[in-house]
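Think of it as A, B, C and D in the order they're written, each chain with its own count starting at 1.
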Amino acid sequence: MAIILGDNQYGKAENRVVRIVRDTARHEIHDLNVTTAMRGPFGPAYLVGDQTNVLPTDTQKNTAFAYAKSVGIESIEKYGLALARHFVGDVEPIVGARIEIEEFAWTRAVIDGVEHDHTWTRSGTETRTAAITVDASGEYVIGGFKDLVILKSTGSEFAGFLEDEYTTLAETHDRVMATSLVAKWRFASVDVDWNATYSKVKQIMIREFATLQSLALQQTLWHMGRAVVDEIPEIVEVRLSAPNKHHFVVDLSPFGLENPGEVFIASDRPYGLIEAQVLDGTAPPAGESWRFSAGLA
Amino acid sequence: MAIILGDNQYGKAENRVVRIVRDTARHEIHDLNVTTAMRGPFGPAYLVGDQTNVLPTDTQKNTAFAYAKSVGIESIEKYGLALARHFVGDVEPIVGARIEIEEFAWTRAVIDGVEHDHTWTRSGTETRTAAITVDASGEYVIGGFKDLVILKSTGSEFAGFLEDEYTTLAETHDRVMATSLVAKWRFASVDVDWNATYSKVKQIMIREFATLQSLALQQTLWHMGRAVVDEIPEIVEVRLSAPNKHHFVVDLSPFGLENPGEVFIASDRPYGLIEAQVLDGTAPPAGESWRFSAGLA
Amino acid sequence: MAIILGDNQYGKAENRVVRIVRDTARHEIHDLNVTTAMRGPFGPAYLVGDQTNVLPTDTQKNTAFAYAKSVGIESIEKYGLALARHFVGDVEPIVGARIEIEEFAWTRAVIDGVEHDHTWTRSGTETRTAAITVDASGEYVIGGFKDLVILKSTGSEFAGFLEDEYTTLAETHDRVMATSLVAKWRFASVDVDWNATYSKVKQIMIREFATLQSLALQQTLWHMGRAVVDEIPEIVEVRLSAPNKHHFVVDLSPFGLENPGEVFIASDRPYGLIEAQVLDGTAPPAGESWRFSAGLA
Amino acid sequence: MAIILGDNQYGKAENRVVRIVRDTARHEIHDLNVTTAMRGPFGPAYLVGDQTNVLPTDTQKNTAFAYAKSVGIESIEKYGLALARHFVGDVEPIVGARIEIEEFAWTRAVIDGVEHDHTWTRSGTETRTAAITVDASGEYVIGGFKDLVILKSTGSEFAGFLEDEYTTLAETHDRVMATSLVAKWRFASVDVDWNATYSKVKQIMIREFATLQSLALQQTLWHMGRAVVDEIPEIVEVRLSAPNKHHFVVDLSPFGLENPGEVFIASDRPYGLIEAQVLDGTAPPAGESWRFSAGLA
């Protein structure tokens, strides 16, 4: 038996970078959580503790903050690409870099009907995400969001399913459907209007969720993914992970009350979990796009 | 020594009540987390395990869901008052009831420019709260919100403070000020337009946070509380708890970069914590309003 | 109407102080979360932004770390008393200080049967707590823990309860009882063997939970509190807050299986919540002991 | 362009199964969080909402609870294998099943020196995990734990690292090293003494963490993984993900105090994150072992 070191990466996780643009009295804010990871010839660090090739995670942190100033944050995808290109291009032993970014949304405060120049409140529940990988094989960008909490109070059914000896569920043709959606999408190019595309993806997904008469959460996910790939040429693949956040109709009959889909208990656990990938069958290979973590997935 | 039972209460915490109003095709949603607590002659339950006077917490849960149907949820204050009055008025041994409610906000989805009839996304980070107490001494309503995350990128100073031998902080006349505000306000009446008042309180607080040139978070809190008590006659007291969520300017000078208030690191812990009460000096006594929890506060 | 500033306090929350004692090769670790709060003549800071009397929260943080070195951390109660006495005694405008501390438990690693000198793993789920208040009226110490998760698989009943038109619960004479206990206890003195007393309180509470044939969680809490006040002379009051973490028997009869108390689903929400105070009727008044937070409780 | 459905799976997540063994007065407890996922011909459910092949997630939940009774829970690996074999073997359209399980640890209460028959407290911070996959290609078992929080107060260095223009970190030859370890290990067989092996892996990892004079967290991880693969024949691969939970030495010199590695501030974010795989170079291929989630990794 020969014991060997396999895949590995290291970096600085969750750098909370906040960038204020104050060139005019009307400020802008970018509020990020940035994680960097390096890939390269790090075997000696593991095997004998030799750090010769190891750029400290503290240096990676410094770089993330310095780039927030020198390059700026027009979009998280563009900023992430700049960081990844720097690590691979400018720091000699590094052969691959993966940058994962979350962006928290803020809404400008409105005072007496006027947008305020330098005050915001945090908005929404969803967090925009990006994962950028650069190595000798190319440049890969994944966009996404997580925790988009969405609910429809009708227009959802679940019936005609497989039954076995452990099945007790009743069919339904009108239920609440709710999820906290995680979506990731793969770009075929790095020449994209990142911010406009993000808005469009979100808009398409909400539209499909709302308007489809859903026979299953699976069907809804397919329609969401399919529409995005269909309508946005730069996106060739969508991955979706959707908890089915159950809202159970409460039985009020012991109290002499009818409950035609009006009173529900929102349940925490367990929940259904549906995961799927939708892709353009003619898309180029994904390469390093989806290798999120060297060690554990 | 005589060991005695002191204050006590019991109830059902965190009933996740979701109410859909579907009288027309345009549905409405109310998404609540309801906690009930009973006060009364429960000594025998503690001392000898005699449940004669104990309305099960399961029954309290059933009641919360039944009232969501029979009474409805026009506002959390009104629904909470109905529940509290029921427990005290209709269930013989109960002498006091406290109902604490959180309401999660949803925003109607907009599809092709039109508001959708039955689809929503969760909005904002703040949660509206209410605490209603009813007993023989009267009826008390506390309104509030928690987790209103708000930030201003300028218009905040901190200087001229007390120094001792442990002081190393530098003065500043331009900093980021951010908090995740918890606010509670006491009503002098139960005859209030609850939903309109909630919107107005939130609007006033954001206005004061944004427009005051702040010399300290303390001063900002005072202005927020004072304006609410001043402008809304039904509110006679405001309590505020505000973490000072530090955003530290990052020193970019080792990298040849200036940083005139543009790049910050958002820090998790420790944080400042400022708490204050603002009240109308002529207000009636608070009575049972603020006794949140029998055991621990 | 005269709008006035009421109760207020401010400080630095959640200073993560880790103290290693390395006087010998066998190190010791103290891992704390320290929150400081000052009370005094801070009206000008709120009303006009005048910081003359305001010791910065940053200075409070520095002091907490400096005292971890100069005074050390023999127990969190003793360290907290030293901090509170310093703020009130040494810093002129401060008239009251409240120090709240959490301590995280670590267990020494055992390697080949021998305790290791300088390696530990985090142990248990419960966190030891203390709240110390010093002002002109005296010195007050509250000990405690939170999140002590404890379960018994039999020896718990619930029957004979009050029923009304919303009651559907069945009686039971054998159920799982589980809680995540929060306990706080008031000392009548500041001359106490703090660490030994903490161990003894925990031991007594677990003993009472385990050995009482419980007719209600209320009864169990009473026995836990009563035994502590009875057996530990320095403790004159105990406050308990106990979620009733429901474990529901799963109905396996549709699958031809009996389930005599063997398979349960652990439920998240809602949960019962029982809160009570047990005290020595001859105890001195609590004074400032329980005033946890100026603004919100 | 032809848009197609790619990888997909669905199931019921986080079934909180609690199993009490009460064959004798001395009860046993198994406290699990069980997630099931099915793979198979589910295209019609996505594309046209046809559920003919879809075993409801509710049925999967029922099965998990029924198996806790009928098969029992000797170890999470054995119970998970039974569940996975059932879904693939007994339910016609299902072609693959993945079962992920977390087990929460409980310690028997000791009352007056004697272990109690039916009372426990939750112990430790680490959660044991397993992931079992069964399909036509074979049976795959991954063991593991997460959140093993471990710290050493000396015996850790970091020096000799790569420097670039963004490097400001100083070298150190004595620091605190702490992590919250996630580990997963692949078994080459399903004929294993699962519980004994789990204890042994944990023991080996703690031993290596404690006793190695560490030149980098990377080196520590390598030694932990290597020792497990070396000493336990059934394990052919280990994957480790280790946050470097920074403990920064606090500068007490402004207060006239020395701090030779005694007072630290524990930092939340950012943190280093080191991930690595260690494997037996002669091991059989991993097959489906590591495909955790169809959609997102």
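Structure notes:
One rule holds for everything that comes next: contacts are C-beta pairs under 8 Å (C-beta built on N, C-alpha and C of every residue); 3 or more make two chains touch, one makes a residue touch a chain.
What you see is a predicted model; the values in this text were computed from it and never measured.
Residues touching across the chain A-chain D interface largely coincide between the two copies, over half of the numbers being common to both. More C-beta pairs touch across one of A-C and C-D than the other; that pair is C-D.
Averaged Cα coordinates give chain A a centre that lies 38 Å from the centre of chain C. In this assembly, the C-alpha centroid of chain A lies 23 Å from the C-alpha centroid of chain D. Centre-to-centre spacing of chain C and chain D amounts to 30 Å, using the average Cα coordinate of each chain. Counting partner chains per residue, chain B has residues 15-16, 62, 66, 166, 168, 254-255, 268-269 touching two or more of them.
Of all residues in chain B, those touching chain D in their complex are 165-166, 168, 254-255, 268-269. The part of chain D that touches chain A in the complex is made up of residues 1-16, 35, 37, 42, 45-59, 61-63, 66, 90-91, 93, 158-164, 166-169, 182, 184, 214-216, 218-219, 221-222, 226, 229-230, 237, 239-241, 243-244, 269-282, 290, 292-297.
Within the complex formed with chain B, the chain A residues making contact are 15-22, 27, 29, 31, 62, 65-66, 68-70, 106, 109, 111-112, 116, 118-126, 148-155, 176, 206-207, 209-211, 247, 250, 252, 254-255, 257, 259-268.
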